[in-house]
């Protein structure tokens, strides 16, 4: 009950979906769409657990007066205001729900993203040291690629050629090899799950 | 801009500055923006999930179209909530195993196609020494081979094998360097966009 | 601590400040940085520069708003260059999100140079099925565009008199953010031997270089850089792309400088240890 | 020049007439959108040669809702008068009753797939013994000519997608390897696994955190529980949890997906059970933050700086946030171990973290740390997979060099 049936479900579900991929019949299409809906629906209900976890953690921080606990009130406020607005005043453009999204979420996410401009620089400064041959290769390629944007008269012409060679030859080779490795590892992992060998996601009891 | 817009955009600018302040060090302004956006985004996501997934996938099919077979996944979904109780939480394995099974099954052939066969067949190009193009094809193929050797786990990297693995890791590093170098431009553009956003706002309200 | 240690362990905030300045200063204080111009952009410029007053030229504004940053500056500069030389311009757009921004471009430029619609230029507007439109224009512009964007029958326009198809154009420059670029090459150039040049986004640029060697396009402008190059060649007065490019150049220099500083420190420290 | 001008003025009225027609939608939809007048030449151009031998067949490898129409290009397409603009595909289930336009394709195109509808009521619902006849109309500047009517065709669904044969064979073979080597490992064969820098680092890092008495931060990334990278990461998390349970080091696992939340809780709980310290497991050590990328990152970054986490482990599916996390971790002075299956993000982890599991190493690590010898069998299988890939790569490249394309085509996928 606690183990066999879930493992059976994983096995059958996995086998079925893997085979379905090779069957173009309409029936198989429809089943595929239906199965994806299962994923979506389980996800929807799981979100309840997510919000609950979030709520509990914040409340706990507030009750225990953990450092900076006051900010958790803001989190909860934001959460509930969005949910209430969303449920009762609609989510069309121009509604407060969307205004909060556009003027609170969007600028913050854009700025977080923009922070990367600084972090790329600091990471390059700290990490790109010619300690070993491998590190030197990493450093030099990065520099060559970055030089594309710096006018150096005739050198630029040459640099362009080198840069585009790097991108189309070694870079291409690296990307493909990594992809293949990931493919093998991923498929092996998926098989382990389907065969019930890999079950840490199911916990213990 | 009319007042409403000024206030809203003012908020946006303020939050932008709050986030940038983390570059100096952690501070109340960053904490404020952070905790605010966590709540708002979670609420936003939940509501979007409700309207774009719950309504069309659960409510409409069952309550309106009476497609009863949608009760199965819905019951599974509800079973997720057995996790609220310590004793019954094992029941949530049923929906989770269904989720996993489907997910893994879908993933296998897709990975085999997109991650292995597509790059593999793309690398099968005519090679040779007569022209640069042919020679580059040769180099790409060789690079892929060596990089794959690097990924060998069950064989010690010594001798010729080790040498190939070394060339492999060099190839990988060239790839990483290139990836890093290419990204700087895009990230800087995002920063430019933020700066212009703030500049425009201040020029606007100061009527410059 | 020793000087080389300082070089190796600068507080990251110095890096941040340097980056912030590298973006802010060039953005708000006007000054030029030299821009290395590539032959493929130069050849576009030369082609346009050699057009004479009264020559007819076709501009395809086929990008949608999210490619504007890269392609709009090119379109602006080239339109200005042509209008200044009294070249007769034919505008067309093959992306359903483009007509609006193309209209802005056309009306703004025509006001700036007070050119007359239907006499000095015509904006033919948008039709779906890009490949088909490009092919049909090879036969006769009127097949896809019996009327212009504003609904005026094209045959009532002086500029259209004696204009049938690509043969009556000196050349075409297509600004592309997607596959339509290929259709211009294969159909306009491949079938009807029209002179075609492309302005494409940065990511696309690499894929289209081969067409220059094979002479299927007479020039290529790639992304912000290509736009900036063109602005420099045309010594344009409004240099949107160059501004962005300027920031990019300087920030990249800053990043590389920090890498160098770090390594100088590193090597000095190694020398000490020996 | 002047001569042309005269023609224009004759043409103008006809033209407006036609245009108003197409405005009022008296013409077939595709022709309307194109603005190609369907009837009456607008210039004295003569009609292009018709397309030859039009063939209609059931479209292969499909769900039985499409028919494939092929034809030989008109003699004036790209050659002859070079006057062809487009081909219009017409269909009828009864040729005498006339045809309806189904599609329009550019000159130079030799085929068209007539896609039907999946709705039974729809007149374009193909299944059943319905016979369909096709003809192709070639269009030029205002003139057109039509092909012969094709032989009847009807649509069927297929049981196997022949274009995916290579995928099928590869999957079966690799599955066989995995099963075989796992049994092989079950038999208790010793198996060498080369040192992977990231793996040993995990144990050290946990020890370090314990000495410093500071928490360990484990990030599963933004992937869903259905992503392979996330699954691999769960196994590693399970092992890390076991260790932290033994050392009684606090563990923080903020997650970005609700389903991942539940499986991560299970994996951590399992770790504490295996360490014999079930009481040490706190459900809230695995907690949900938000599902939206940068909001999630902003919180995790704050967490690192405040909790001064001794060790940050990033394993799983990461996007642009990879560098945001890794750099902030540096500021917080944490030891950082990373691994992702997102090729584009590996460079940033390599640059900004202390140890990085590159691509497949992530999966190897999960098998290795999983410690059950059976899991190691998979590593052996992966290596054999690589050997196969290498052999086929060499074969294929040689074949391509000697223009034996049929060999290369064995690996190609035709969707």
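Per-chain residue numbering starts at 1, and chain names A, B, C and D are given in the order in which the chains are listed.
The rule is simple: a residue touches a chain if its C-beta (ideal position, glycine included) is under 8 Å from a C-beta of that chain, and two chains touch if they have at least 3 such contacts.
Note that this is a predicted model, so its numbers are computed, not measured.
**Student:** Select the chain at the greatest separation from subunit A, using centres from the mean of Cα atoms.
**Tutor:** Comparing chain centres, C lies farthest from subunit A.
**Student:** Averaging only over C-alpha atoms, locate the centres of subunit A and subunit D and give their separation in whole Å.
**Tutor:** 15
**Student:** Taking each chain's centre as the mean position of its Cα atoms, how many Å separate subunit B from subunit D?
**Tutor:** Between these chains, centre-to-centre, one finds 14 Å.
**Student:** I'd like to verify one number: the distance from the centre of subunit B to the centre of subunit C, where each centre is the average of its C-alpha atoms, in whole angstrom.
**Tutor:** Inter-chain centre distance comes to 31 Å.
**Student:** Please output the residue numbers of subunit D that touch at least 2 other chains, ranges allowed.
**Tutor:** As it turns out, subunit D has residues touching two or more other chains at 164, 167-168, 171, 174, 224-226, 228, 231, 259, 262-263, 266, 289-292, 294-295, 298, 306, 343, 346, 348, 350-351, 358-360, 364, 379, 382, 386, 389.
**Student:** Would you give the residues of subunit C that are in contact with at least 2 other chains, written as numbers and ranges?
**Tutor:** Expected reply: 12, 16, 19, 23, 248, 251-252, 255.
**Student:** Residues of subunit B touching 2+ other chains?
**Tutor:** Residues 19, 22-23, 31, 33-35, 37-38, 40-42, 44-45, 80, 83, 96, 99-100, 102-104, 106-109, 111-112, 116, 120, 123, 141, 144, 148, 151, 172, 175-177, 179-180, 183-185, 188, 191.
**Student:** Does the chain-touch network form a line, ring, star, complete graph or other?
**Tutor:** Its topology is that of a complete graph.
**Student:** Which residues, counting only subunit A, touch subunit B once they are in their complex?
**Tutor:** Those residues of subunit A that touch subunit B are 2, 5-7, 9-18, 20-22, 34-52, 54, 68, 71-72, 74-83, 86-87, 91, 97, 99-118, 120, 124, 133-134, 137-146, 149, 165-184, 186-187, 190-191, 193-194, 201-203, 205.
**Student:** Along subunit A, where are the residues that touch subunit D in the complex?
**Tutor:** My answer: residues 18, 21-26, 29, 39, 42-43, 46-51, 53-54, 56-57, 60, 67-68, 105, 108-109, 112-113, 115-116, 119-120, 122-124, 126-128, 138, 175, 178-182, 184-193, 195, 197-198, 200-204.
**Student:** Which residues, counting only subunit B, touch subunit A once they are in their complex?
**Tutor:** These residues of subunit B touch subunit A: 8-9, 11-13, 15-16, 19-20, 22-23, 31-51, 53-54, 57-58, 69-70, 72-74, 76-78, 80-81, 83-84, 90, 93-112, 114-116, 119-120, 122-123, 136, 139-144, 147-148, 150-151, 168-185, 187-188, 190-191, 193-194, 197.
**Student:** Using the touch rule from the top, collect the residues of subunit C that touch subunit A in their complex.
**Tutor:** 8, 10, 12, 15-16, 18-20, 23, 33-36, 38, 206, 225, 245, 248-249, 251-256, 258-259, 261-263, 266-267
**Student:** Mind listing the subunit C positions that touch subunit B in their complex?
**Tutor:** Subunit C residues touching subunit B: 13, 16, 19, 23-24, 27-28, 69, 202, 244, 247-248, 251-252, 255.
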